[in-house]
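A quick write-up on the structure given underneath.
We call the chains A, B, C and D, going by the order they appear; numbering starts again at 1 in every chain.
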Amino acid sequence: MSGAAGDGSAPAARWSEAETPIATLAAALAAFNHARDWERFHTPKDLAMALSVEASELLELFLWKRDGELPPRARLEEELGDVLITLVNLARRLGVDLLAAAEAKLALNGERYPVALARGKASKYDQLGEEP
Amino acid sequence: MSGAAGDGSAPAARWSEAETPIATLAAALAAFNHARDWERFHTPKDLAMALSVEASELLELFLWKRDGELPPRARLEEELGDVLITLVNLARRLGVDLLAAAEAKLALNGERYPVALARGKASKYDQLGEEP
Amino acid sequence: MSGAAGDGSAPAARWSEAETPIATLAAALAAFNHARDWERFHTPKDLAMALSVEASELLELFLWKRDGELPPRARLEEELGDVLITLVNLARRLGVDLLAAAEAKLALNGERYPVALARGKASKYDQLGEEP
Amino acid sequence: MSGAAGDGSAPAARWSEAETPIATLAAALAAFNHARDWERFHTPKDLAMALSVEASELLELFLWKRDGELPPRARLEEELGDVLITLVNLARRLGVDLLAAAEAKLALNGERYPVALARGKASKYDQLGEEP
């Protein structure tokens, strides 16, 4: 399997959200970047820029679209993949565990947006409860 | 455990990139959003906007920083958590498997950036090999 | 002069920051968009998305660049032009006078960042004076 | 008038798109930044990041809004002012004339989107004419 040869190409086995932990993707990315000597470019600041650029390429697919109108699925998958790849590269570079970070943020959001106040509202947490 | 009570708060068990699959986060988010009746706001277009906005909040932490200078770790973790949460919300809304999408994109990147050509270069794939 | 023919192409006369008011660009853009029946797509929300996408395309030019390293000038000019065009389209759609808005914001910034406190500091206004 | 005293605060006279050239704003910004010794932070790369961040703050105002639903006008004006201020700071730093750049881009767009092909279409120029 070429992926195991250390050139950072994706493995033959099919990954899935249900079974593949992010650490598997992170390891494949580390090999990919190392084989290309790309660590030198991957400063946290540039990776944060790259993440914003990738998120914007995904956003562009929805430009001028009416609600309910969807971009081509293959384009969506490609850009979603790019965002996750860049997010994992950045988190790894910073030594942050993404799942633990999301878990902590979700707990914080639970406090900021209590069900009784936030239900059916799109307001930001610091403006919740301001309207009748 | 309050998280299991269906109000969408994070579970007590500690998640990690190495062990927790994204599907676990996705299920917690689905419960969180449902408890707040937020599905109505979560169109794919608005979630793509939200993802770009969250990536930009992360980017802002690096603004005016010199290379090597890092923002406070707690702020980084919070914004990285936000990006992953929004990315998972969007992928779930679109029915896209993020790990499979990243795997496919990584395979494509392997073709676009062959080691022999891309090594030590920051060029985009369509400009690789243009310079001596 | 073809630009006067109503198809929205740019006028032959050379514009400049020193002499051409933004209203001249706004009028040319209105004719350009009207000739193509594009007003139907130009909702404020989509124009705000487009502005973010254009700013991100400009940002991408700086990706992986070291400080002091500049992207090709022609690419910079093209993307800067795109940002201004989209900004003027959005402001016009909202009925906001851009110069008056910038003037008001500059006055506000003068209050938020008094010279004595802000000199040589990159901090945000709500964190000014927090450090010794 | 304090604005003339060189501290970079906005002048008392009311600016407008119809009459005030961008060069007037650029000169006020140069004085503002110089009084605060901020030129040291304003590398082209950081200003491009700042522009993307400001455009994203404007975008955030439209998040979760239905078409036709508008954010508070004062917030829109403030963010639009920020975007123009940052755009002018960046263009000045790069020595690019924004109006000339917009004029050139508008002429290019006139070629890329001929009225006969682009009328009523939201497609990108490289996909125009692909559909029946």
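Keep this in mind: contacts are C-beta pairs under 8 Å (C-beta built on N, C-alpha and C of every residue); 3 or more make two chains touch, one makes a residue touch a chain.
Note that the structure is predicted; figures quoted are calculated from it, not measured.
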| item | value |
| --- | --- |
| Contact-richer chain pair (by C-beta pairs counted) among A-B and B-D | A-B |
| Classification of the subunit C:subunit D interface as same or different, half of numbers criterion | same |
| Where subunit B and subunit D are represented by their mean Cα positions, the distance between them in whole Å | 29 |
| Approximate Å spacing (C-alpha centroids) for the pair subunit A, subunit B | 1 |
| Multi-chain contact sites of subunit A, meaning residues that touch two or more partners | 41, 49, 52, 56, 59, 62-64, 67, 122 |
| Complex contact set, residues of subunit D against subunit A | 49, 52, 56, 63-64, 67, 122 |
| Of all residues in subunit B, those that touch subunit A in their complex | 7-11, 14-23, 25-26, 28-29, 32, 35-38, 40-41, 43-45, 48-49, 51-52, 54-56, 58-59, 61-62, 65, 67-68, 70, 73, 76-78, 80-85, 87-88, 90-91, 94, 96-110, 113, 115, 118-122 |
| Subunit B contact footprint on subunit D (complex, rising order) | 41, 46, 49-50, 52-53, 56-57, 59-60, 62-64 |
